[in-house]
Each structure stands twice: as structure tokens, then as C-alpha cells.
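Listed next: structures, encoded as C-alpha cells.
One chain, chain A, appears in both complexes that follow, with chain B as partner in the first and chain C in the second.
Entry: the complex of A and B
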């Protein structure tokens, strides 16, 4: 499975909701009928997921463009 | 009494006077009905079958052209240029760089014939590009004709367009020169050609002979092979005509898939009637958009389905359908488009108006989607993953093996609806540099009289 975040994020970030550490976890993301499973930092307690800005503006945005039609 | 669905304006096919027209429904068919005081009643089929005409909608907030080359005086459709009442921007500007042709097709939009005007010189073509850029910005360009490849300076014409700043330049061609002349595809590629819009009516010569007057199937295959060797994307463009090639729709699609990723998609064009028609074309001589969707589903045994197609976000809903797919390693198509889907809108204001999109945004989206999907894939990786549930694998596969299936129904003198016309985004640059919606530029009366195209 591809890596979509810098490992250092796990050290740099805590969960904003409950303050717990983030751990790598498989996350399902869905958009316009398509579903993808990728590994992202996730809060061990409440499940909040960190999506790095580079991913949101990069590959995720590109996938959105492909799925959104003309 | 048949239910009337809506009212619009059209033209009398005989005298081209503007007259009221009505959509009426009979069973699952919808007709445009109109009456000219001098020439009587005309009833032309617009829609037959599923999805229902009434459901095939995509309302948009209209946008005016930012620069108009014509003023309003007589009203639509007599003031095209575009006029300030037009409701959509230019997505594709079409430059007719010659009226000469190396075929003599019984079916021809451009009425290329034996008596033709001289070719526009490079200075005039540069002016056309500049006027498109001034009025429309970075839209897509299609070089058309006649048959544009009869001009030996075509590479130079492509270079001028690139120099002015157009990044997507497509060639509308019958493919003969691409197929027969060594190194021709390479020269066009080096000049900056993005894509070939290849006239491709079917997968055997029983189709080409009645439509084009010659057996051309081998020529088409050779043209595609030469595009493959030179990384030029190809869109197959079949003109669909009852009794000629409707049975071949599934085979055309399968043929296209065999040549993916060079072949980027298939764009069907139901036959429309331009030229001289002493007797009005019969409704059985027309095929409508839902019938094409249904034929695609039936003839591909459900590999593509009617619900995989949507109305357009750029032009009027009744003008086209499209579906985006990915060709999977097992040869099947994964559908990316669904009829009911709506993209996520994140802010409150757009949530309220999510079912009425902005026409302007639809045009921007169409320009970028067409440029991405119809050009050769830029991806360097040759290996594509089998699974697409990982973002990287999906992106790799989609960039390389994205496949578009679409159709566009042109309007002729019998079925013209000025509401559709005002939403048009495909504009021909006239010799004097005006932008004229494609259908009205090519439209002729039953006697062959044109509103806009100059006669020689």
C-alpha cells in the first residue's frame, strides 16, 4: 500500500478532540460512488483522521477531478 | 390531444422564418411541432425511449459572453456572433481552415464540394485565433474543414495556435493523410497537436461505402496506428445513421477499447440533415440520444449502462450525454459517472443551489475535462495496477485508461430549438471572425439556403 503522509506527522500531531496520539490506520474514503482504502494517521480513541494538506490538494484533488464529470 | 411539454422558438425549414414550436409527447416519444403560415406543419422526433425526456435536465444559471462580436437586432437566431443574449461561453472554437476535401461524402456538415473558396491564409487564421483568445480565453480549439489535412501548412497552423497560447488543439479529420503519409503524424505532433477527432463510422466497409463513398476501414486503422506511434490521442467519431450503422454501435465501442489508451473515447453524432432536402427527412431516418444509450447497453451486453450517462454541465442537456469509464485490465469498463450523482458541495450557499449549476463553471469544467481525456495520456508509467481501491493505483489507471463515451445531437432546420441554441458552447469562427454556434452555422433550409455560411 502506498504511503500518503510523512511519518513525522505521527510525532507532530495529536488529536484536536481528545488529545490522544495518532497511529497509522487503514481508512476508507469515498467520493461520488468510488471508494478507496488508504493508510492515514488516526486517533486511537475517537477515530479522527488527519489528512495532510499535501494529500488533500494533490492526489485527492486529482481523484475528485477525474470523478467529477464535465 | 397530446400533452404539450414546453414551448420554444424554431425556424420554418422551408423559408427560415422564426416560428413558435412546441414539444409534445406521444407514448415514449417526444416531437418538436411547428407550423408556418406559408409552408404548413412540421413534426420532428427529438427523443424516443428511456431515460425520459422530462428527466434529462441539468439546469444552469446562464452566463453572457464576456466579449460579443455581434449586437442584438433581429433576435435569436439571426444575430449570432455571439450576441449578448447567448447563455454560455465557448468551450470549443472551431476553425475551418479549408473547404477543400479529399472525400465526397453523401453526409457532410461542412458542405465541402467541388466549387470551393480559396483557403484562408495564415495571417487570417492568426487573426481568428486572436479573436477567439480575446473573446473566450483559453478554450479548446478544433481545426476543421473541409478536410484540414489537405493543407500542407497544417503543422504551421497548429504552431500558430500554440504560440498564441491554446494548449489543446484537436484535428477533425477523415484520417486518410494520417494513414497514408509517412511521418505525417510525427510532424503534427511536433507542431503541438493534442488530439485527433477521427471520423469513424464503423468497423466494416459496408458502412463506409454508403456514408463516405469509399471503403475506408483499413485507412482508419492505419491512422490510429500512426497516432499510437506518435503519442497522439484519438477520439472515434461515428456519424450514426438508421439502416447504415446502428447495429454496429457496440462493435465501434469494443474497437475503440482495443486501441486504448491511444483511443481516448467514442463520440457518437446522430445524423442531422444539412444541405438540400426536397422531401423532409422522415422520423425513421433519425436516431435520438436515448436510443443511442439503449443501443450501447444492449450491444455491449450491459458493459455500459444507460444509468452510466449524464446530461452535460456545459451545453444544453438535450444536446448530449456522456459517461466516463476506466478500462480495467480484464477488458471491462468501470463506470465513473452515474445519472443520479451530484458532487459534494462544502459551503452553505452552494448546498442551497446545488441542483442549479453555473453555466460558466460548466464550461470551465468541460474545457479541462476534454483537454485531459481526449489527449494522449501524459503518464510515463507503463504498468497499471489491477486494483483501483488505492488512490495511487486508481490515479495511474484512470490517467492512462480513462475512456469517455459520449454523443452530441446537432440541430437542423427541422428540429432547431433556439433555447438549446442559446446554450451552445461549440462555436465556429466565421470568415469575418465572429463566433457562431455550430448548429446554426451549418443549418440550411430544405432548399439548401444557409443563414450564416457563405456560399460560393
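Entry: the complex of A and C
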């Protein structure tokens, strides 16, 4: 599975609520009726997911445009 | 499914789907499309091509000669011209009388270029046959006209028999001087006929006599007997007695008639453009320097290739593109309106698959410049408006294209800004001042000053209405939102006693004029022209380049009033290349800057570069757009109602967040000082104190992220505890989705102030229950 974030994110950030580390996890993301599963950093306890800027402004923006034009 | 694979699949699936998509004509029927396309004359033939009896693609031919592509040029000739080696040498060039270059110098020596081409390249045409036909046709002459008919009919697959009483084909062509038409060329060019299967009967006096006696011969399905040939050239004067190119045309026409007769189809349908006709093309020769004919060093043998290339360079390569030259949007998509109309139509017809034309549709400023410039009134605005309406109706409008502008409009029509009141101390309003949402956002101080001025000069009460006229919803084709806004506005106007409305913004003016035509309106500039007292010292303040807003395109009285105000204020006016009726949009119109920010930026950059002088605008958005391009720009109100700002031309445009704040504060301020009302009602996220560095603020603005969006993220994160922490930097990272967009803020806290380090957003969401 391709990784859409820098591995260092897992070291740099942790979940402030649980104090837990973030682990790579499969996450379903959706837009305009389409859904995809990708791997993202996620709190292993509460499940809070981090979407990094590089993904939001990169591949995610590209896919948003494609889905909007579908 | 893997995310990246999905992305690839989106493209490939879309391609497959596009190919198989059923034709579904929702908005524009084929006929309508053709009528729309037909208005754009860019694809009309060049003047020379239309004037040529057989419509040789002269424009392409000359372009190829100019590039030195001689073989390609010869192929271009061969496509249309029968026996190009012969006709290319002797064509009597009626096209040259219609060459556009003659309006700026001598016409291009088209025939001399053709001659040079066929002298340089002796390439016979490649033939692709149609399926062979069984019918036999007799051609009773070996002249140019008959052989042209034979040539065309052979290529249609007929079995051709050529009869001549002479001992060779060509008749009087053999009488032309060797220097003009070498004998070997005649032989070579006509040899193609035999190679392609024509039966040639020389010295056929007997056969000719038979045909004369039996015109209805049963052996042949058709017999073509041209009129008696004449000599081509008068021997001494060397003038044409018979036009060779018209001979070719007559032969070609005869071939069409014979073919149609045999095929039993209409002899006349679709033949309007046989022979010379008038093209609808328009080519401007403005700024084209006159150039004389390239001299020929040896007239007997014609141009040398070098001379020909030099002459070809004089060709204007006639095309229209008038609108494309004027509009960066039209230029940006590398086409022209006819092509765009087709692309948009196809975009509409896609049932499943990627609609690549969406950006084209949503990038138009709807400013109407193309329609004014086009010799045929083609309106891209109409095409794009119709497409947008259809997209909205079908639920196919990309949400990101206009959502931010619609949120901005909703803000202006919400409680933070919207207001409708009689003048303080009055129960009636003769007038109602409507400054519009953007002047209030950009220069709230001017709204207050102008309102003071109006109250002190106009009798009968001057009410105030703060809200948006609805233009963003109109541009976005959100008809329901637009109509709802108009209904509220109208109800409030009714409640104030139907006063005459004073409008500052020309976009508001155009919306009122079109959609609220029963409301009596007047432009602020016309009021100021009547009541503003210019001081005598207002003389010679310098020169300003005047930028008319695109929504004054059809409002000459407003444009003239503004000019008069500027002159009275002591300014000289520099008229820009595109001004008045032909002014250009600042990039905000039609929500271009929302749907295509990069293009809008380029549009205003180009506008700013039109003059070295400082600009003056009389639309707040135009002023702000020009300022954002680094152009020193005054608003007309900066001149008429100067503030304490010593250099208003250098004022930077407010960010989107500041625009909201300015509107909200304007309402609060006016309510406090004029109506003694306290309307401040902060939402609970708004009391969060933010510290945003200028570079982060700029980035937020470019990403269309408002301060209030970030305040909501922080409020949510602080209350819910849902956030991440970076122990190295001490920063928090949190997300919140107040609308269709999820906003992320990276922040730290210092003395109860939230320091914003970064902000970004996206539209995709984490699927329900997964977060």
C-alpha cells in the first residue's frame, strides 16, 4: 500500500487526548460519493486521524478535482 | 482499493466511459450548437481561399513555403489543384485581387509562389481510389477543362475514355512558351491519367464524329463534351484569353454534375460554395505595416526559392481571433469560441466520465468583451452561463468552483452585515443608499463618508441598505439563492417605502437593471456630479490611467460621469487600450478568481501592465485586484473623499477575513453612531485571540481560509481535546469541518493568544464512523 505521508510524522506527533503514539492504519476517505482506503497516521486508542498538509494539498486535491469533474 | 490506483483508474475509467458515453443532449441541441458555432468566424476560409475558383488552401501553402517546406507545399497544391505542375505555373490568380495584404501594401504574389513551388518540387499526387465503379464515361476533348473532369471522375472510380482529334493531350497548352510551361511537364502531368486507367484515344476523328452524330450513345453512361476550346494566351500581348483556373473549375463542376447524375442524387444541393464566394472571415490590418511586393530577379523564370520565402513572409495568414487577442481567458485555453462552444457542448453530453471542460466553463468572467469585439457578436458569456445553469440543474457543478464566493455572499446577507433602515430621525426614505458588499469590505470608511455626504445633500431622508446584490449567486448560476436574495432585498425596499436607490458598484447596478427593473436606481457618480462641490484649487493633479469596470460596458452615462468627475477634480485621464465599451474584467467577474485563481491573477497582471501611470478605478474589486498586482491604484472615492491616508494608491487590498471583519465592523459602527444601537453579537469562537504572521495570513488568504474558520478549529480542539501534539515544537494540530471543507490549524498558545503556524484544508472527509 502506498504511503501518503512522511514516516517522520509518526515520530513527531502524538494524540494529545490519549497521549498515545500514532500508528499507520487503513482509513476510508470519501468525496462526491466515492470512497477510497488509504494508510494514514491514526491514534491507536481513540482513532483520531491525521491528514498531513502534503496529502491535503497534493494527491487529495488532485483526486477532489477529478471527482468533482466526474 | 489503493488510493493511487484509484487515482489512475479515475482517469482511465473516465476515458473508457467517455468513449462509450451516450449522447444526451440536455441543454443545447445540435441545431442550437451549430447556430452558436456559426457565429464564430475563425474557421472561415481566408480571403484568397474563398476567392480561388477551386479553393486551393493558399494560406497553408504560403505558410509552408515560408517555413521552406517545399514538398509539403506541393502536397497542399496537389490536394485541390488538378495537374498542379501545369496549373501552378499558369494560374491567372483571381485570388490576388482579394488578398488582404493589398490593404497594407501589394497583394501577395500567390501565383508566383505557386509557380516557384511546382518548379522546385515535381511531385505527382498520391491517389487513394474509391471502390471501382462500373459506369463508363466518355470525355470528348483533351483540353484542361475536360482533363480536369476526367481526373476528378477517375478518382471517384469511374472508367474514363478520353477522345481527342489531336495526337496528344493538352490542346492549346502546348502553345504556351517553354519558359512558362515546359513541354515535358505537360507530358508528365497528363501521364497520370493513363497510369490510373484512363483509356486515351488520340487522333479519334472518327469516334468524335460518331459521338456528334449519336449524342445518346448507349455504350457510355455519360458523355462530356466541353465547349470548343479557345487559345489560352493571346500570342503577342501574353494576356489570358481563357482563364486556366476557371477552366479547371468548369471541369470540376462538370465532374460533380456527371457523378450526381449517375448516382441519381440532387444536381444542385450543397453546391453553393462551388467557385469563388465571399468569406465571412474578418481580419484586422490594424498595426500592420505596409510592405511592397518582393522583387523578382529573373521575371522570366519566376521567384528563386529565397525570393519566394521572402514574399511568403508578407502573407498575413488571415484569421480573425479578435476576441482572443483581447481576452486572456480565451487565449489561455488555446482555442477560439467556436472550438470552445463545441468543447462545452461535448462536456455537457458526457453521462459518465471526466468533464474536462468544467474549468473552461467556470473560468469565464462573463464580462461580455468578446461579444462587443466580435464582428458577429459571439458571446462566450452566454455559452458559459447556459452551461453553468445546466451543470447546476444536473448537480454537476464542481462544489469548489463557487462555494467560497457563495459563503461570502451569505455572510453579507446575514446578520453580521445586512441592514435596512431609514435615515436616523426619519420615518420615510426618499432615497436608499446601497454601497454594496465589496466597497463595505474594502473601504468601509468611504461608505460612512459618502452616507454622511448624501444625508447632508439630499432631502426627504436617505435610508441605508447593507447587503449583497446577489451577483455571486447569479454568476454561479445558483438561481434559487439569487432569487431568494432578490426577494429579501425587494421586501426590505418595499418596507422602506420604495425609495430611489443610490448604487455605487456597477455590478450592483447591472443586477438591479436586469433583475429589479421596477426599482428606480441612480449611480452615486451621477449624484456626486450634481452635488459635489469641487474646489477651485483642484487643478492639474496629474494623469491617471482609467480602468472602467466591465459592468459599465453598456453604461456610457456612468463612464462619462466618472470622466467628468475626474476632470473636475483636476486629473488628466489616460485611456487604456481596452476601455469604455471594450474594457477588460479585473478577474473577479463571473467568479473567475474563485474558479481559476491563477488565471485571474494573470488577467489583472496583464491589465496592470497596460500603462506606466497610476490607475484609477471606480469599483472596489477592480481597485483591489489592481493593487494585488502591485499596481498603484486609487479608487475614485479616494480622490473625492480623501482620508487621512497620505498615499491611498499604495493601500494593500484586505484579506478575505479582513473583508468580513470590515463589513461587520461597519455595521456595528454605523448602528452605534447613527442609530445608537449596539448590534455586537460575537459567536463564541470569535473571542479567541489569534496571532497570525503576515506570511501565514497571506497563505491562508490564497487558500481561501478565513480567520473565523481557524477560530472554529481551535474552539473545537480546545473543547473536545481532539488534537495532536508535537513535543519538539510544542505545536498543536487540529481539524474541524464547519462547512463542506475541513480546516486544519497548527498552533501554539502564548499568554492566551493562539499563534497560528500553518493552516490548510481539504474537501475529502474521513468516512463516517472511521474517525
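In this text, the second predicted complex is superposed on the first by the 69 of 70 C-alpha atoms of A that agree within 3 Å, B and C clash if a C-alpha of one lies under 4 Å from a C-alpha of the other, contacts with A are read in each partner's own complex, and residues count from 1 in each chain.
What we mean here is this: a residue touches a chain if its C-beta (ideal position, glycine included) is under 8 Å from a C-beta of that chain, and two chains touch if they have at least 3 such contacts.
Because the structure is a prediction, the values reported are computed rather than measured.
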item: Touching partner for A:70 - first (chain B), second (chain C), both, neither; value: both
item: Which superposed partner A:59 touches (first chain B, second chain C, both, neither); value: both
item: Touching partner for A:15 - first (chain B), second (chain C), both, neither; value: second
item: Touching partner for A:45 - first (chain B), second (chain C), both, neither; value: neither
item: First, second, both or neither for A:4, with chain B first and chain C second; value: both
item: Comparison of chain B and chain C by chain A residues contacted; value: C
item: Which superposed partner A:33 touches (first chain B, second chain C, both, neither); value: first
item: Intersection of chain A interface sets (partners chain B, chain C); value: 1-2, 4, 31-32, 34-38, 59-60, 62-70
item: Touching residues (chain side chain A, partner chain C) in the complex; value: 1-2, 4, 12-17, 22, 27-32, 34-38, 46-51, 53, 56-57, 59-70
item: Complex contacts: residues of chain A adjacent to chain B; value: 1-2, 4, 31-38, 59-60, 62-70
item: Residue numbers on chain C that touch chain A, as the complex places them; value: 1-4, 6-7, 10-11, 14, 352-356, 358, 398-401, 721-729, 732-733, 735, 742, 744, 758, 760-767, 770-771
item: Chain B to chain A touching residues, read off their complex; value: 310, 312-314, 322-324, 336-338, 341, 343-344, 362, 365-366, 368-370, 372, 389-395, 398-399, 402
